[in-house]
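Shared between the two complexes below is chain A, which pairs with chain B and chain C, respectively.
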Partner chain A sequence: MMRDRLEDFALASPGLLLIGLGFLFPIAEMVRLSVVGPDGGFTTLHYTRFLTDAYYLGIVWRTVYLSLLITAICAAVGFPLAYVMARVSPRLRLWLVVLIILPLMTSVVVRTFGWMVLLGRGGLVPSTLWKLGFVGRNFSMMQTEAAIVIGMVQVLLPFTTLSILGVVMKIDRRLEEAARTMGASFMGTLRTVVLPLAMPGILAGSLLAFTLSVSSFVTPSLLGGVRLPVVAASIYDAATKTLEWNFAAAQSVILLVGVLLVLTPYIKLSGRRNG
Partner chain B sequence: MVKGVPNAVRVLAVAFVGLTLIFVLAPLIVVAGVSVSESQFIAFPPTGFSLRWFGAIFESSAYVQALFTSLRLAVLVTVAVSVIGAGAAITLHRGRLPGTALMSGLFLSPLILPSIIFAIGLLMLWSAMVGPVSFLALWIGHVVVALPYVIRTTLAVLADSDPFLEEAARTMGAGRVQRILFVVLPQCLPGLAAGAFFAFNISFDEAVVALFLRTPDLVTLPIQIYNQLEFSPDPTVAAVSTLMMGITIALIATIDRLLGIQRFVGT
Partner chain C sequence: MATLELNRIVKAFGPVDVLHGISLTIESGRFVSLLGPSGCGKTTLLRIIAGLEGLTRGSLTIDGREVTHVPPEDRDIAMMFQSYALLPHMSVRENVRFPLRMRKRGSRAEQEERVRVVLETVQLAHLADRMPRQLSGGQQQRVALARAIVSDPKILLLDEPLSNLDARLREDMQVELIELHRRLGLTTVFVTHDQEEALSLSDTVVLMNGGRIEQVGGPQDIYASPRTGFASEFLGSANLIAAEVKDGSDGKRAHFASGASVAVPAATPTSKTAQLILRQEDLLLLPPEAAADETFMASVVTRVFLGARIRYVLRVGDLRIKCLAPGTDFYAPGETVAVRVRDGRAQVIDG
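Coming up: the complex of A and B.
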């Protein structure tokens, strides 16, 4: 018994060492730095600076409402997509999964570049809108909140869809058949049988998508530009441009606390699903 | 007899799935299109067909160096996560240690905790304890990010394995090391292989940890692309991006051919 445990511990120890030194310790250091003042003593200065400045609060607000919008769109599109994927033939489903995974596994930098080409001046989207007479000739969608939303939905939709698909695949199809034979319409069945059963998956996928969205950096900063900073961009600037590390650390802790608050129900939901 | 799905719904569903697929694939198609365009400006739809931008990658020392850095990093990350992940997954699967649930949460937490948070922590810790960030720091960062994927795919395979095989090997007199090497590890192999491919892809594509831990001498391919996008994108960026997509497609195809991709997604 004792030697079994020793063997298991030995097998897991490189991983534990790595997570300890490479993950927990860095986060602890970040938390420590966030309360260190210019004189080296304890201070909450960096927190009050961030939380009392209208400029930074504006950044937080933009990050939160854009993320809410992005998450809502991902859930609204992801659920029907996952449902269709769950109900087609296994062969077609495999193809759909591959087509969804392909963008998921492509670097965010590459995907954002694609949107820069599509949404920039002279790009396919603005020039189509121009030809339809909606906008002026030099219209560009870059550096707008719409660009951020479009880019982020593309980044997170595969993610949300796959997590909803996992739940929809487990729904017993006979429940739908039963509802139909009892007289429910197709859409009625979808609304009153499938949607409630898929809700834990939709919620879990949305919570995860929201945390990824509020902390994303590459897509918002390339598509939104410097005029539309989000929290992650503010952290990046403080850490690498103005070199205010303690301030960057404080902002990261605020982001971490926000993310953990959102993740708590996620962990409960996914725990129930596995249990 | 109840009619399965109304025809109107069928038509709508096909249109909806088609449009959604176009939306998620659009940026990839556009990048690939720009990369083969003859024009020296970024333009989509492409004008003409030319592979000269792919040639231009290899004439730029910045791209070649970044490509080399990324490949070296991804290979070393893959090796590390395979070894570390196999051990961790076996322990988690056996569940004989106290606190297995906590350990499992700990190992998988980099998966759900946004990487920007720990990237900045790693930058600060490394600077305080070791000095200027180096390849080693970036390697540690990527191993942390990729490890959960290997653990998950390996756990998925172990969940279907036969627990009595190891028992049988034990009664036949196999020692601890022999049982791990010749009984448990071969059972892990499909999951480990899939996880390794995912890990390679994650490290090769990762742009947040690599951005925080970059130095003038330590620039990965995604960061080189990011730099170009911030200043002056040209069709060479599209060619490099297309090259990266090609590698991703090759990896997906390999995972699917070898192991069947559906085993590892959608749960």
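Coming up: the complex of A and C.
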């Protein structure tokens, strides 16, 4: 028995070591840095600076509401997509999965530059809108919140869709058939049977999308530009441009705590469901 | 309650025809079972009636209204699935109310009242607030039944609803289904591969084989006079024996297995290629000294004791036949017996 436990520990040790060195240690260091003042002593200055400045609060607000919007769009698009994928033939499903994962195979920078081409002045999207008469003039969609949302949704949609797909695949098809024989239309069946049963997947996928989008940096910076900074970009600026490491650490801690606050109720919720 | 008419229904999955033109009229209030081995198309036919499966050719009407291309939710039917298909995220009460809610029958209070009445009918009123996973198989089955009858459908479709229950519970449910049908008079179509279930429950049996209707009739009727070899073998697993029908001094006899013969009805046409049907339970085993004109000799190959009955496998010449004897008739393997067929029970069909 003792031997077994020892061997288990030996097997787990490389992974544990990696987590300790690569995750716990930097986090601890970050927390320490965030409360060190200019004189080397303890201070909460960095936190009060961030939380009392309207400029930074504006950044937090933008980050949160853009993330919520991105998450909502991912869920709203991902659920029907996942449902269709779950109900087509295995062959076609494989192709759809490949199609959905394909964007993840390219670097985030390359993908974002693609959007810059499409959304910039004279790009495909604005010029099409102009030619169709939806807008009065040719314009640039770059440096707008819409650009950030479009770019982020594309990145995060696979995560949401695949989380939902896993759950929808497990829903017994006969439940839908039963609902149809009981007078529910196709849409009624989706609403009353599939949607509630897919909820765990939708929650998990949304959580994934929200945490990834709230801490994302490259896509919002490239598509939103300097006029529309998000929290991650603000941390980047503090750490690399103004070299305020302690302030950057404080912002990072705030972001981390924020994400944990969102995660906790979900983990409790799913724990109860499983337990 | 309604009449159901099927008109030359053909169903193909890709290049394979699974139903070859099924025509059938089910009168209002009947309890009809679709009986046949797995793969005979009975479940596909039920799903076509429900609207869950499209059909390749043909048409069907419910209560005089053509519903061939009407989606399931607008057919005013109810279906009970083999797996029960209870909605796992809804309580018993919500499950049973679901058809009323979707069909917008009455106010919420009226729906609740109807659910209460129906749950009492199936003796589940005390479990109304449970979730399906908290119920036993038998209880889940009753919920499924309650849900099927709550909206008073025109046609009730049952897809092997009893096959997941253990033997005792199944007998109880059979009785309950018969009583429920008598009380409500719902036109009912019941799919099963269990011939005993079909014979005991329904007032009409539709025997299917290979995507075709083999024979339609009342249970006694179809059991007593099977028209095809398949019907005789499937219903009561009769012995089907190649035989030659000849005129003799004492009337028509079917000769088989080089030497053995049995008397057959006088109306039987003489034939060299007839099929003799001998039901297992119509064969009486007698000691060899009781041999007479109307018996043939056989030897016991195996004996399976079933309690009330004993199943014997006998050898006659190079032929093996099965026999179901009373549990008191003991013969050891290897023993020779005289076999007598109950008077008038030997039948012959064209081979």
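Keep in mind that, in the parts below, the second predicted complex is superposed on the first by the 260 of 275 C-alpha atoms of A that agree within 3 Å, B and C clash if a C-alpha of one lies under 4 Å from a C-alpha of the other, contacts with A are read in each partner's own complex, and residues count from 1 in each chain.
One rule holds in what follows: a residue touches a chain if its C-beta (ideal position, glycine included) is under 8 Å from a C-beta of that chain, and two chains touch if they have at least 3 such contacts.
Please read all numbers here as calculations on a predicted model, not as lab measurements.
*Asks:* Counting only touches as set out at the top, which of chain B and chain C does A:G188 meet: first, second, both, neither?
*Replies:* After superposition on chain A, A:G188 lies in contact with chain C alone.
*Asks:* Is A:L175 contacted by the first partner chain B, the second partner chain C, both or neither?
*Replies:* second
*Asks:* Of chain B and chain C, which one touches more of chain A's residues?
*Replies:* B
*Asks:* Applying the document's definition of touch, where does A:L197 land relative to chain B and chain C: first, second, both, or neither?
*Replies:* Touch partner of A:L197: chain C, not chain B.
*Asks:* Considering only the contact definition stated at the top, list the common interface residues of chain A for chain B and chain C.
*Replies:* 177, 180-181, 186.
*Asks:* Using the touch definition up top, name the residues of chain C that touch chain A in the complex.
*Replies:* Residues 50-52, 71-73, 75, 77-79, 81, 83, 85, 87-89, 98-99, 102-103, 147, 151, 157 of chain C touch chain A in their complex.
*Asks:* Which bits of chain A are touching chain C when the two form their complex?
*Replies:* Residues 172, 174-175, 177-186, 188, 192-193, 196-197.
*Asks:* Could you please specify the touching residues of chain A with respect to chain B in the complex?
*Replies:* Residue list for chain A touching chain B: 3-5, 7-16, 18-19, 21-30, 33, 77, 80-81, 84, 93-94, 96-103, 105-118, 122-124, 154, 157-158, 162, 165-166, 169, 177, 180-181, 186-187, 208, 211-212, 214-218, 222, 232, 235-236, 239-240, 245, 248-249, 252, 255-256, 259, 263, 266-267.
*Asks:* Okay, in this complex, where on chain B does chain A touch?
*Replies:* Of all residues in chain B, those touching chain A are 2, 5-6, 9, 13, 16-17, 20-21, 23-31, 34, 42-45, 83-85, 87-88, 90-92, 94, 96-97, 103, 105-107, 109-110, 112-114, 116-118, 120-126, 128, 140-141, 143-144, 147, 151, 176, 180, 201, 204-208, 211-212, 222-223, 225-226, 229-230, 233, 237-238, 241, 244-245, 248-249, 251-252, 256, 261-262, 265-267.
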